[in-house]
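Structures given as structure tokens follow.
Both of the next two complexes hold chain A, though its partner changes from chain B to chain C.
Up next is the complex of A and B:
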């Protein structure tokens, strides 16, 4: 009797298991002419309005917005050169006046999905909203857009002229200022004659995530895709816009953006065939051949970015030490970028020696930065310190013995012992910091590592006054996914200019300020090259290897994918073979 | 009984209040604040100041807590800094999912554990007991993430019987529409419960089998099955039942790992992500929910014990 019961139970279990097992779709979750794309771990799209308020400017939001709403000027770096992507732009190339103080723009003959033509008033509408609420616009930086446009003049329905407050470098202005503009459907979105009230209304609508699927505001688009569904948990499906009137129509029927709780969860689903275009955690790169046998091709996706560790030049204990160029040179000599890139990042990171992205378009890259003045050389590091009056003490740490040689503000007995505030949660970052600590210790520099969540690192490693308790940090690292992603033109006005908003270490250098000013104002490309060379030599930060944006696993049956360093996707060009 | 319940409920309210105070103060004492993490590297000083002002971080902590308490009493848990959604909406979406996962895995774990524990106790020292105890120790020592990974590799990749992730969707109905996708998460979540409770049940049963009342029953000629199920079973159960209520925080903690591994968007993962992003309103909301369920769970355990075990008297009641 018991045996029979056991058999029956076993059969029932088998039946239940078979019934429960849903049909497993190999590669992807959608139909035959659709693609599923894995968003980064814990990334949940949360903003559809192409005018983001602070906190909602994540790149994955931008990818979805640009598929729905064409930017005035799109840029793309997937060809090897970061250049204007005219097919994905809403306007013809801009025409600058000979004196450079105005620019005339002609819109392409496009229409919104409700049939209304796209006109100059739609661009003016964007300007009206941004001017009325610039402090609430996520991309606002004082003195830049929209402050640098003093007048907007409509020439006709498709042409308008912007008057600028001074003569800018047209390359910089188009890439970093005009590219911020997205024509908006004035006829559908102008809720109130007062642009401030309209801005607030649109923001309130964009904050209602649950209403995205039904809100008529988001149905009026001019991009190659239209919104099919937007789940509050983050999964977004875009469908081909049947009323798209441009020259860059979608070839896929649908694209689904999938959210994952962790990179491990994404990887497990990838291995089970549930994703068409996903990513491989670096620690799993050893399984590349397995993924290839499953029909994926593995490609690193390099970002238009740089990675670095800022020095806090205002730190009361070590600020004066950091201000000595020879100390920064010695530290840079102790960074074995090639080993970190090859061993810790498994060949996916690229050494970086200066302020310009080094693994993509070389237009702005100086030879000085490319060839680095400070290659990994521990003997050179030791010699620099010894030549400037430092000696290794009984504790194995360099101490200043001859203050007149050590430099201004460095007292006798000052020790090269510093604390690095670094982000936790990444094996690669942990390994990088241990490698750095090990090499620096061989020079006699003590590095104490304080790993904290990224949020804590960003909150603490920020601009400060020397007298402030907040200035206790000495070095900080927030570059597991790259420290800084540039817009199309990689100038440094936000990073290394005196008092710039992201100049966390309070770096000050008049020649650098002049070069940054020249790169945004002058038409000469030499200023960017000089800027690249200057900061490669001056070391305002410790230059570190630049990790990839991600290592992608792409279903080999999908064509048309080019991995844009600017983190754009252009899914309209993807197709199923 | 009514007075006892009323007193316990008042005590529960006090505990929940203290939990909110402690959590709120600890969170708001964290250096740096959440602004830079929420707004990103590119945020300007003006934007950070504006964020801090809009969230009330420019006020003292007691004032901030008072505002929070007033909003809480009006049912307003605040809005997530990063998810663009109200905390109450997030909890309404995710709590049922976590409850389904934790309740199913806990109930299934207990259903397996209780008879297994009794069976082991009655066969103490014999082959079945030795083997099952050994297996239990192995399973107990296996981290949940490793067990999850093993299940995914075996049953989603090598033999693709079940999906590697839970069904995705906004509602509980979406999740339940693919019951197959729940099998692996439930097994991963329930295994530790089954093992732990089987050990408790085994020891409890072994203790009870050595009691005088069992010897007396045997001397009176009571059949062994009757002794086991009518006398030993209820007595052994009491100590295990009381553990269930207290294990709620542990179960929530375990669900975090399972949710992460199976791409299961529940409360555990919401808490983890919020902690990484310093998303204070979400953290406070989840802590509140866990505090409430824990005190209710312990209350339920006490009440169940009163009902199951006639030897337990309501404190303060006349004998």
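Up next is the complex of A and C:
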């Protein structure tokens, strides 16, 4: 009897221990002090040289680069305000001259992993390479870095002064120009006295993904992590850099970046416990409680970004129509952003009414943008069109009946029928497009949806001349992968300035150009507020709800994670509880 | 030619499954074609304010989907799409297969070898793969999907018809009209195909069921007709997304509809096959 009781007690103990162990689910693929991180669908890291050439500038490459090579200045927005992250920066705060025409920078006492100190020459090396090959540098825009720095003067081993071509807004210059600089190990990478040859050599080495594991170039780092392995399929493992000399040392032994061909594939692995820090497709948010029971916490990761649909103002058929502000106002009135955000995005997206990110730091957000001049109002949309000479025809589509009211370049009989080139394969994008088509049809605007793979949309919806066959696109939506992520300072010199590189719709507006120029030169935030208000009113694009960067599923045993809206990771601060 | 309608009808009456199949088929057709005339819903405009309502709420007997479309009404118009594509594609596949197989079987020789090797090659390529490639290249519509599915599904009817034609060409009446000077095309279209009508009708029913399933596959993979049009496969695909929300009304209705219609058509096909087999024996 006693023996039987003993057996029963042993079984109960085993059951209790098993139950206790079951409550602490262990995820991931690495060791006990490591974390596996899921990269976005189809994202395959292919570049670790912190001087990216066009085509290799993806943010996931940048995440790995900044863990290996400290940027001169890092920024972070996870506190609610976008601000310099001094612990993750290689230099002390910059000191601008009283006339604003020069800036003096002092490096922190850091050393490379081979023991060589980090010096001003390492920053000068970066400048030499970029100046020699600026047209091949992915971040180059004419007139900006490095053109806006006329002289580099070494003061001592740790201090240097940059002379600027004019007086800039220091906040903008540090955030959007100095933050592009990453000190490089001159002693290890200066392959040739000619910087152009060295640049070409480094690019050639960086293109050789198979050499990442063995090439001594990539062994010399100054960041909190060092490269342990790099698979040509994109899986990357970083290990703690034991010779890191800064104040932001890694707490984890390893971090592994995992790649997936689709969000569904990632989600299946997440459910199986194969990822420590992954993401949940929005359509699977109904499984939140299931994931929580598996030991994950679910947190949306909002981005420092905006989402929009560009009009092609150069389109031969509809360019003149799109140039009429009242048409753009009518279309914007037909976008029910709140409903799209709440229902289709299940509350994870945020309505956006202008050119400044609206769901994070409000420093640059104008009241005009915040309160939107064109709320969802179909009657207002119909009235705008009726007041300007448009009538709904027998086919249910608005047609211009009074050309003198319709506006310059709009002929009698012109119809409000347009094609929207959009990303295929996303439930959220499909739903958004159906909703948009439906609401516009109630106003008498026909929207034809042409869903194509994202790469096709990206390749076709670009800047063009009116006479070019490439200008046949009318509206373009990059969908869930197409939000524009800003650097720390959300100015519009790349997006809405005349002839800007990402001004896909060829928008031209002199007051906007002036405001963008002022925002980069003036120290007052008012120019940014004015810019925010003007574009909220002028509607260079259709403003759309801004989805989160991702909805994260994070192993509850990992601490130190702050989801930075600038899409940075700072994995050196993560730890296992 | 033999009149087949009357004896077949009588024989179907004796086949229980065929009667059940025919009844379901008629009911589903009535549901899809007449239903929207009696039960009016807006299947063009979205209504996000009424999204994902469960059955019975706010006057929606089967609830609403993620964009606020009434599921019962959507089931009806989706059924029209699925049935239209199924019937058109099934008939097209049967027609192509019949002519191809009849020519191969009747003419024989090198033409038979060439035509049937093409069929063998085609069978080796998965139809779903061809469909996905085509749906990616061409904007899908009812006409396009019918054409594409028809063009990838004719291989099995071609084999059946080839075997039937090879048998028929040895029959005395075919030999007689050949001796009387009838041309090959006249023999094939006027005598051979009409005498293989039993095989063709049975093959046709199975092809329709197959086409309905194929369009469901393609739509399930997100390459079906563009919204706001839909079909049962697309409804099912969308519904699966909300499985863990407990939204069974987005999954069961289109799933049951697909199973019902495919089973019904197969029952009818089986019944017709039995009926024609009995006629052949008699």
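Assume the second predicted complex is superposed on the first by the 549 of 577 C-alpha atoms of A that agree within 3 Å, B and C clash if a C-alpha of one lies under 4 Å from a C-alpha of the other, contacts with A are read in each partner's own complex, and residues count from 1 in each chain.
Throughout what follows, a residue touches a chain if its C-beta (ideal position, glycine included) is under 8 Å from a C-beta of that chain, and two chains touch if they have at least 3 such contacts.
Quick caveat: nothing in here was measured; it's all calculated off a predicted structure.
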| item | value |
| --- | --- |
| Partner chain(s) touched by A:141 [first = chain B, second = chain C, both, neither] | first |
| Contacts of A:44 with chain B and chain C, given as first, second, both or neither | first |
| Partner chain(s) touched by A:394 [first = chain B, second = chain C, both, neither] | neither |
| Touching partner for A:339 - first (chain B), second (chain C), both, neither | second |
| Which superposed partner A:274 touches (first chain B, second chain C, both, neither) | first |
| Contacts of A:262 with chain B and chain C, given as first, second, both or neither | first |
| First (chain B), second (chain C), both or neither touched by A:501 | first |
| Chain B versus chain C as contact partner of A:231, first or second or both or neither | first |
| Partner touching more residues of chain A, whether chain B or chain C | B |
| Doubly contacted residues of chain A, that is, touched by chain B and again by chain C | 425, 453 |
| Partner chain B, residues of chain A touching it in the complex | 17, 19-22, 24, 42, 44, 46-47, 54-58, 135-136, 138, 140-142, 206-207, 209-210, 231-233, 235, 258-262, 264-266, 268-269, 271-272, 274, 425, 453-456, 458-460, 462-463, 478, 483-484, 494, 501-502 |
| Footprint of chain A on chain B - complex, ascending | 30-47, 50-51, 81-85, 89, 93, 145, 149, 152, 156-157, 160-165, 168-170, 178-181, 183, 259-265, 269, 273, 275-278 |
| List of chain A residues in touch with chain C within their complex | 283-284, 286-287, 290, 336, 339-340, 342-344, 424-425, 427, 430-431, 433-435, 437-439, 441-442, 449-451, 453 |
| Touch list for chain C against partner chain A, complex | 44-46, 48-49, 51, 66-67, 136, 139, 222, 226-228, 238, 241-245 |
